[in-house]
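Consider the two complexes below, in which chain A is the common component and chain B and chain C are the respective partners.
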Partner chain A sequence: MKVTVNDVEVDLAPGTSAIDAVFAAGYDVPYFCSQEYMSPVGACRMCLAKVGAPRKDRDGNWILDDETGERTIFAFPALLATCTSALSEGMVIDTLSEEVKHAQNGMIEFTLINHPLDCPVCDKGGACELQDRSYEYGSGRSRFEFTKRHQEKHHPLSDLITLDRERCIHCKRCVRYFEEVPGDEVLDFIDRGGHTYIGTVEHGLPSNFTGNITDICPVGALLDATSRFRGRNWEYDHTASVSLDDASGSAVVVDARTGRIERIKAGLHPEVNKSWIDDGIRFGHEYTADPERITRPLLRKDGELVEVPWPEAAAFVAERLKEFSGKDVGVCIRADATLEEGVAALALAEHLGTGQVDHAPRYGPTVMPPAQATLQELAVSDAIFVVGDVSEEVPAVDLRIKDALRGVTPPPLLPHGVPIADLRLKERMPRKREILCVAAPYRVDLMRHAGTVARYDVGGEETLFRGLIAIAEGGSADERVLGMTLAAAKAFVDRLRAAKKAVIVTGGFVLSSQAAADAAERFARAVGARQLVLGPMANAYGLEAIGVLPSHARYDYASMVAGGAKALLISNLDPAADPAVAERLAESRLLVVHDMFMTATARLAHVVLPAKSGFEKDGTVVNLEGRFMPVRAAPVDAGEAVDVTGLVRELGLAFGVRIEGRSVRSARRSLRKTLGTDLEELTGLGAFVALPRRRVAVSVAARPGVRGRALRVPTMVRQEYLLRNPHLLATLGGPALRLHPDDARTRALSHDDEVTVRVDGVPRRLRVYVTDAMPSGVVSVPALPDAPAGPADVDLDGIVVERRRLEVA
Partner chain B sequence: MSVLDIAKGMGVTLGHLFKKPVTVQYPEQRAQVAARFRGRHHLLRHPDTGLEKCIGCSLCAAACPAYAIYVEAAENDPADPVSAGERYASIYEINMLRCIFCGFCEEACPTGAVVLGHEFELADFRYQDFVYGKDDMMVGVTGSRWQRREAESKGKDVRLGLESSHRAELEGVDD
Partner chain C sequence: MSAQLELPTVAPFFADKPDLLVEILGRYPDYGRRSALMPLLWEVQRAERHVGEARIAEIADILGLRATEVKGVMSFYSTYHEHPVGAYHLQICATLSCSLAGADELYDYLSEETGVVNGETDREGRFSIQKVECLGSCGSAPVLQINDDYYERVTRSRCAALLEAMRADRLEAPWRERSGDTDVADPVAARADGSPSGTGGAP
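Then we have the complex of A and B:
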C-alpha cells in the first residue's frame, strides 16, 4: 500500500498505522502514549499530522482532479492522531507544515501545564521523552502563569517502584501495560480530569513484571526505587547484555557508574523477551555491590583464611594438586557459567586427567528435547500445555504464553524497528483461554489465565503424563492422577492433537524424575507437539550441549561432594549448606572454592578464589530454546575476581602449561572447532547453532526418599542472593515456607513468623507464608542452586519458631 | 631613525620612572582582583533557611570540560533535610588540579549553588589535597586547604592575599 509522507513515498502493508509510515519514511512525529507491543489509544494527542486521502466515487473510480488528471486528495477536516489511524491507499501525510507544527507546539504546552519543571532532581532527566520532545517541538517558553497542580511526590507504589504523581502526564502506558502484557490489572486511573492520578487499591503491585513500567513511563513519574538518585542518565555506562538470572536469555541493559551496577533495564529482543523483563532480573542486582563480597584470593594459613596475591594462591593449589592422582580430583561449575567457562572447566579436568567434571544444578534428564520449540513458536501456538510454575521458573516464557492467548502474531519489523503502534492490538482484548492448560501440584499464577487447570498430586508428573498418553491412545485415566476431569483432559488432548503448533512446556518438576521426563517426551510425540524445557539455570542447555558432564554416572556432582573426589574445585556452589556434606568436606584434603561470598563451603575451603557475577563476564550462553546469545561484561569493579576462564589461566600459569580455555578468546577458538561457528561474530540477537543432540547417559544420584508432601519450588528471585538484595528482600519479606491455612493452624504458625526448618536435612531460615494456593498437607520451600526444584523432604515436626510476627510489630 | 626619535623613546621610559609603580608586593601586600575574577568554587546555602542550594543534579559535572567534578546524590530525610527539595549532594568533589576555572559549572547550575569566588591561592603539596569536597567549599569556609592548615597551626585566622570588590552572586561569601 503506497502512501506519501511529506515528499517520500513508502510502500507498507495494509493495516500499518500512519505513525509507523511517518517513521518508516524517515520523518519524526512526537508521541508519548504509543508503545511497542502495546495497543495504541491516542491518549496524548501528540502525534498529530495533517492527513489526506483520495476518494472513490459511486462507481468505484478514483475522483480525479479536473486540471491535472491526478487523484484529488481530500484532507481530513481536523489533524489526526497518527498512532490510531490506519493507512489507506494513496494516503498523504504531512508532518512539516506550519499548521502541524503549531498544533504540536500547542500540545506540548498543554502537557507541560501541570508537569513540574524539576528536571534537575528527576531521575528521568536526560532520558525523558517529554524533555526531549519539548526541546524538539516546544516553543521554549511558557505562558502559564498560574500555580501548577500539586499532588503527592515520591509515593511508594511498591517497595520497588516510586511514583511521582505530579509528573504523570496520563499517557496510560503503565495502566495498559499491566492489563495487556502480564494480564495483572493492578494499576488504574483514579479521579477525573486534571486531578486524575494512577494508583492501586492496596499497597504494592502484585505482579512479577512491575519494573517494566519504569522503562515505558515517558516521564519521571514511575521510577526504579533501587536506583533512586544513584546517578544521572548520561553518567551511566550502558552495557547491552543477556540476563543470567534464568534460562530465558532475556536481553538487558546494565547501567553502571563508577564501577557499580546501579540499575538494570530491559533490552529489546523481538524474538525472546520483546522489551519486557521480570522483577527478579531487574531488581536482583544489588548483591554485586555487597560490601561482604570476596575481592581477593584467600588462603588458609594457621587455620585462618588470609588475603594473598593471585600467584601465591594459584601456586598453592597447583602444588597441592600434585599430591593427587588425576581421577581423584573433582571440578564442578554452576549451570549459569558461560560456554567459555564450560570449555575452561573441561580443559582443566582434561589437564588433571579426571572424568569428575560436572555442572550443577543439573537434572538427570536432558534439557534438549528432540522436538525443540522456540519462544516465537510458543507465542503463536494454538495449544499450550504447561506443567509446573513457569511464571516463577522462567517468567519470560509466561509472557510469551500470554502473547499466544492474545492471538496476535508478533509484528513484522519495519525499517525503523518494532512498530510503534500495532493497530491489531486493542485494550482488553478477549483472551483465548481455551488454548492453555496449566498443571501443577499447587495453584500457580498462570492458572488464572488457563482454560483448563489441573492440580495433580506432589510428585505425580510421571503418572499425569502416563494418563494423558493413555487418553491420547484412546484409553482412559484416573481423574485423581490427572488432577482434572476426564472430559477436560480428553478435550485438551484432542485440542493438542488437532493443533498445528502445539507446545508442551515443562520445568524442574518434570526434570527431577527421569521417568516423568521420558513420559513427557512420549506424550509430546503422541500428540505431535513441540517441547520447551525450562532448564534449572541460564546456561544449563549450553553446558549440556558442549558436554560439561561427568564421564561416568558415579562421577557426578552429588557423588563428588559425597566423598568421590579427594580434591575438589567448585565454582559458585554451596554444598556445605548441608551439615552432613559439610562434615565430609571438612575432612577433604583439598577444597578450592570459587565464589563471590563466604558461603558455608567457602568457610571450609583451603583456598577461596573471588568469582565474577554474571554481569561482569564476557561469554556466550545458550537459552532454553537453543539460541546462542552473547553476554557482555559491564564495567563493574569486582576487585581481583575472575570467571572460570580466568581461574584456569591463573592455575595454568602455576602449572607452567597453556590450558585451552585460559581466556574467553582461547575458549572460543576451541568452540569454533567443535561447533563450527565463530562465537566472536555473534551479534546481540544471538543465533541458532546446530548442536549434536546427545542423550545424557549419566543421571544425578538418587534423591533421598521423600517423607512428607513437600516441594522445592522455583522462584523468580535468585534465592542464594536474596538476602543481599535489600529492595527485593523488603518486597518478599524473605524466603518463604508456603503452607495451607489449615496446616498453619494445626502447627500454630501464623503468616510472617520466622522459622527454622530442615529441608532435606539442611536447616533453613524461612518466613511462614500462609496461602490457600497450597493444597492442604503440602508445603513448599524455595529452590536453591544446590537443591533445585522438585519433591523435597521438609521436617515439619522439627520446626523451630525463631520469631513471632507479633513480636515484630 | 634620528637622534630625536631615540630621545622620544627614552622620554617615555623616563616619564614612567616618576609614575606610581603598579607592582604589588605580594604576598605582603594584597592583590587586587576584579569583581568577575574566577577563582576557587564556593557552595552556597539559602540565606533564609540555611539549607544547601545544591540538589546534586550533576549538571555541573556534565558541563565541565575538564571532567573535574564528581557528584553523588542521596535522598533528603524530610525531617532533617540537607537541601531544599528531594535530593542533595552526598558527595561533591572538584579536583582543583583539573579545573580550568572556566565557570561553566556556575553557568550550568540550576539553583545557583556553585559559584566561582575570588580565591586563587590553591598551592599545596599532595595530589589528594587538591580534591576539594563539600567541607572545603561550603560557604563560610575561607581559604585553601593549605591556608587553613597553616592558620590552624599558628592559631590565627586565614589571611587571604587578595582584595576584591563585591559580587552579587557570592551571597554570603563576600560579606
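Then we have the complex of A and C:
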C-alpha cells in the first residue's frame, strides 16, 4: 500500500498504522502513549498529523483533479492521531506543516501544565521522553502561571517500584501494560477526572513482571527502587547482554557506573523476550556489589584462608594436582557457565586426563527434545500443554504463552524496527483460554489464564503422561492420575492432536524423572506436538550440546562430591551445604572452589578463587530453544575475579601448558571446529546453529523416589543470591516454605514464622508462607543450584521455629 | 504459642443472596461478565451506604477481576462512597443557578446545623454533606438532594423543616413541581419491583 509522508513515498502492508509509516519514511513524530507490543490508544494526542486521502466515486473510480488529472487528496477535517489511524491507499501524511507544528507545540504545553519540571533531581533526566520531546517539539515556555497541582512524590507502589504522582502525564502505558502483557490488572487509574492518579489496592503489585513499567514510563514517574538516586543516565555504561538468570536468554541492558551495576533494563529481542523481563532478572543484581564478595584468590595457610596473588594460588593448585592420577580429579561447573567456560572446563579435564567433568544442576534426561519448539512457535501456538510452574521457572515463557492466548502473531519488523502502533492489538482483547492446559501438583499462577487445569499428585508426572498417552491411543485413564476429569483430558488431547502448532512445555518436575521425561516425549510424538523443555539454568542446553558431561555415569557431579574424586575443582556450586557432603569434602585431599562468596564449600577449600558474576563475562549461551546468544561483560569492578576460561589460563600458566579455552577467543577457536560457526560473529539477536543431536549417554545417579509429599520448586528469583539482594529480599521476606493453612494449623506454624527445616538432609532457614495454593499435605521449598526442582524429602517433624512472626498488638 | 493476630473478617455480602447474584449476572453475556460491576457496587452501597475494601475484593472475586480494577471504576463515580455516608446524605447543588438562588447560604446553614463540612459525616452517622455539581433542576433552584430524592426550592424555612423531620426520622417523600423520574408514591418500593430508578438501578 503506497502512501506519501511529506516528500517520501513508502510502500507498506495494509493495516500498518500511520505513525509507523512516518517512521518508516525516516521522519519523526512525537508520541507518549504508544508503546511497542501494546495496543495504540491515541490518548496523549502528541502524534497528530495532517492526513489526507484520495476518494473513490460511486462507480469505484478515483476522483481526479480536473486540472492536473491526478487523484484529488481530500484532507481530513481535523488533525489525526497517527497511532490509531490505519493506512489507506494513496494516503498523504504531513508532519512538517505549521499547522502540525502548532498542534504539537500546544500538546507539549498542555502536557507540561502540571508537570513539576524537577528534571535536575529526576532519575529519568537525560533519558526522558517528555524531556526530549519538549526540547524537540515544545516552545520552551509556558503561558500558565498558576500554581501546579501537587501530589504524592514518593509513593511506594511496591518495595521495588516507586511512583512520583506529580510527574505522571497519564499516558496509561503502565495500566495498559498490566492488562495486556502479563494479564494481571494490578494497576489502574483512580479518581478518574481532573485528579486522576495511578494506584493499586493489591498491596505490593502481585505480579512477576512489575519492573517493566519502569522501562516504558515516558517520564520519571515510575522508578526502579534499586537504582533510584544512584546515578544519572549519561553516567551509565549501557551494555547490551543476555540474562543468565534463567534459561530464556532474555535480552537485557546492564547499566553500570564506576564499576558497579546500578540497574538492569529489558533489552529488545523480538523473538525471545520482546521488550519484557521478569522481576527476578531486573532486581536480582545487587549481589554483585555485595561487600562480602571474594575479589582475590585465597590460599589456606596454617589452617586460615589468606589472600594471595593469582600466580601463587595457581602454582599451589598445579603443584598439588601432580599428586593425583588424572582420573581422580573432578571438575564441575555450574549450568549457567558460558559455552566458552564449558570448553575451558573440558580442556582442563582433558589436560588432567580425567573423565570426571560435569555441569550442575543437571538432570538425567536431555533438555534438547527431538522436536524442539521455539519461543516464536510457542507465541503462535494453537494448543499449549504446560506441566509445572513456568511463571516461576522461566517467566519469559509465561509471557509468550500469553501472546498465544491473545492470538495476535508477532508483528513483522519495519525499517525502523518493531511497529510503534500495532493496530491489531486492543485493550482487553478476548483471550483464547481454551487453547491452554496447565498441570501442576499445586495451584500455579498460569492456571488463572488456562481453559483446562489439572492438579496431579506430587511426583505424578510420569503417570500423568502415561494416562494422556493412553487417552491419545483411544484408551482411558484414572481421573486421580490426570488431576482433571476424563472428559476434560480427552477434549484437550483431541485439541492437541488437531492443532497445527501444538507445543508441550515441561520443566524441572518432568526432568527430575527419566521415566516422566520419556513419557512426555512419547506423548508429544503421539499428538504431533513440539516440545519446549525448561532447563534448570541459563546454559544447560549449551553445556549439554557441547558435551560438558562425564565420560561415565558414575563420574557425574553427585558421585564426585560423594567421594568419587580425590581432588575437586568446582565452580559456583555449594555441595557442602549438605552436612553429610561437607564431612566428606573436609577430608578431601584437594578442594579448589571458584566462587563469588564464602559458601560452606569455600570455607572447606584449600584454595578459593574469585569468580565473575554473569554480568561480568563475555561468552555465549544457548537458551532453551537452542538459540546461541552472546553474553557481554559490563564494566564492573570485580577485583581479580575470573571466569572459568581465566581460571584455566592461570592454571595453564602454572602447568606451563597452553590449554585450549584459556581465553574466550581460544575457546571460540575450538568451538568453530566443532560447530562450524564462528561465535565471534554472533550478533545481539543470536542465531540457531545446527547441532549434532545426540542422546545423553550418561544420566545422573538415580534419585531416590518420592519419600514425602514435598517439592523443591523453581523460583523466579535466584535463591542462592536472595539474601544478598536487599530489595528482592524485602519484597519476598526470604526463601519460602509454602504450605496449606490446615497443615500450618496442625503444626502450629503461622505465616512469616522463620523456621529451620531439613530438606533432603540439608538444614534450610525458611520463612513460613501459608497459602491455599498448596494442597493440604504438600509443602514446597525453593530449589537451589545444588538441589534443583523435583520431589524432595522435607522433615516437617523436625522443624525448628527460629523466630515467631512479629506480633502486632 | 502467643495469641494469633486475627484480622477482622467480614461476612461476604453476596453469599446469602444467590438469587440476586444470578439475576444481576444474568443481565450480561458471559464474555461481558465484568459489566455487572456497576449493579453489584450499587447493591452493596444501597445496603451499607458505602463500598468498603472487603466488598471491593469480594466483587472482584465474583467477576474474576482484580480489586484494583473495581476500585478504578468505583473511584470515577463520585456517587460511590469509600467511607460510610450518613443515613441522610445531603447533596447540595453548587453550580451556577442554585448558587445564584442561595445554595451557598443553604450550605452554610446546613453545615452549621449539622456540624459537618463538605465531605464529612457526623459522629452519629446521621448526616453527611456533599457539594455536588449541577443536578439538572435549575428551574427549581436551589436543589437539595437527600439520598436519592430531590427537594426543590429549598428556602431557609423549608430547610429547617426538613432538618427537623430528618432528626425525627420522619422525612416525607418530596413534592416535585414537575413530574420527574421519582414521580411515584414510594420511590423505594418502585425500585424494588425492578423498574428504573435513574440512579444506578436496573438498566
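Here are a few things to note about the model shown:
As a convention for this text, the second predicted complex is superposed on the first by the 801 of 809 C-alpha atoms of A that agree within 3 Å, B and C clash if a C-alpha of one lies under 4 Å from a C-alpha of the other, contacts with A are read in each partner's own complex, and residues count from 1 in each chain.
The criterion applied here is as follows: a contact is a pair of C-beta atoms (placed from the backbone, for glycine too) under 8 Å apart; a residue touches a chain by one contact, two chains touch by 3 or more.
Every value quoted in this text rests on a predicted model; they were computed, and no experiment measured them.
In the superposition on chain A, A:Ser750 makes contact with chain C only, while chain B stays out of contact range.
Set against each other, chain B and chain C touch different numbers of residues in chain A, with C touching more. Of the two partner chains, chain C is the only one touched by A:Asp188; chain B is not. Legend: residue contacts after superposition of the two complexes on their common chain; A:His154 is shown touching chain B, with no touch to chain C.
Of the two partner chains placed by superposition, A:Glu802 touches none, neither chain B nor chain C. Look at A:Glu89: by the touch rule set out above, it reaches neither chain B nor chain C.
When the shared chain is aligned, chain B comes close enough to touch A:Asp118, but chain C does not. Residues common to the contacts of chain A with chain B and with chain C across the two structures: none. Remark: chain C residues 1-5, 31, 53, 56-57, 65-69, 71-72, 75-76 touch chain A in the complex. For chain B in complex with chain A, the touching residues are 55-59, 61-62, 72-75, 85-87, 110-111. Against chain B, in their complex, chain A makes its touches with residues 118, 120-121, 125, 153-154, 228-232, 234-235. Touching chain C in their complex are the following residues of chain A: 184-193, 199-202, 430, 748, 750, 804, 807-808.
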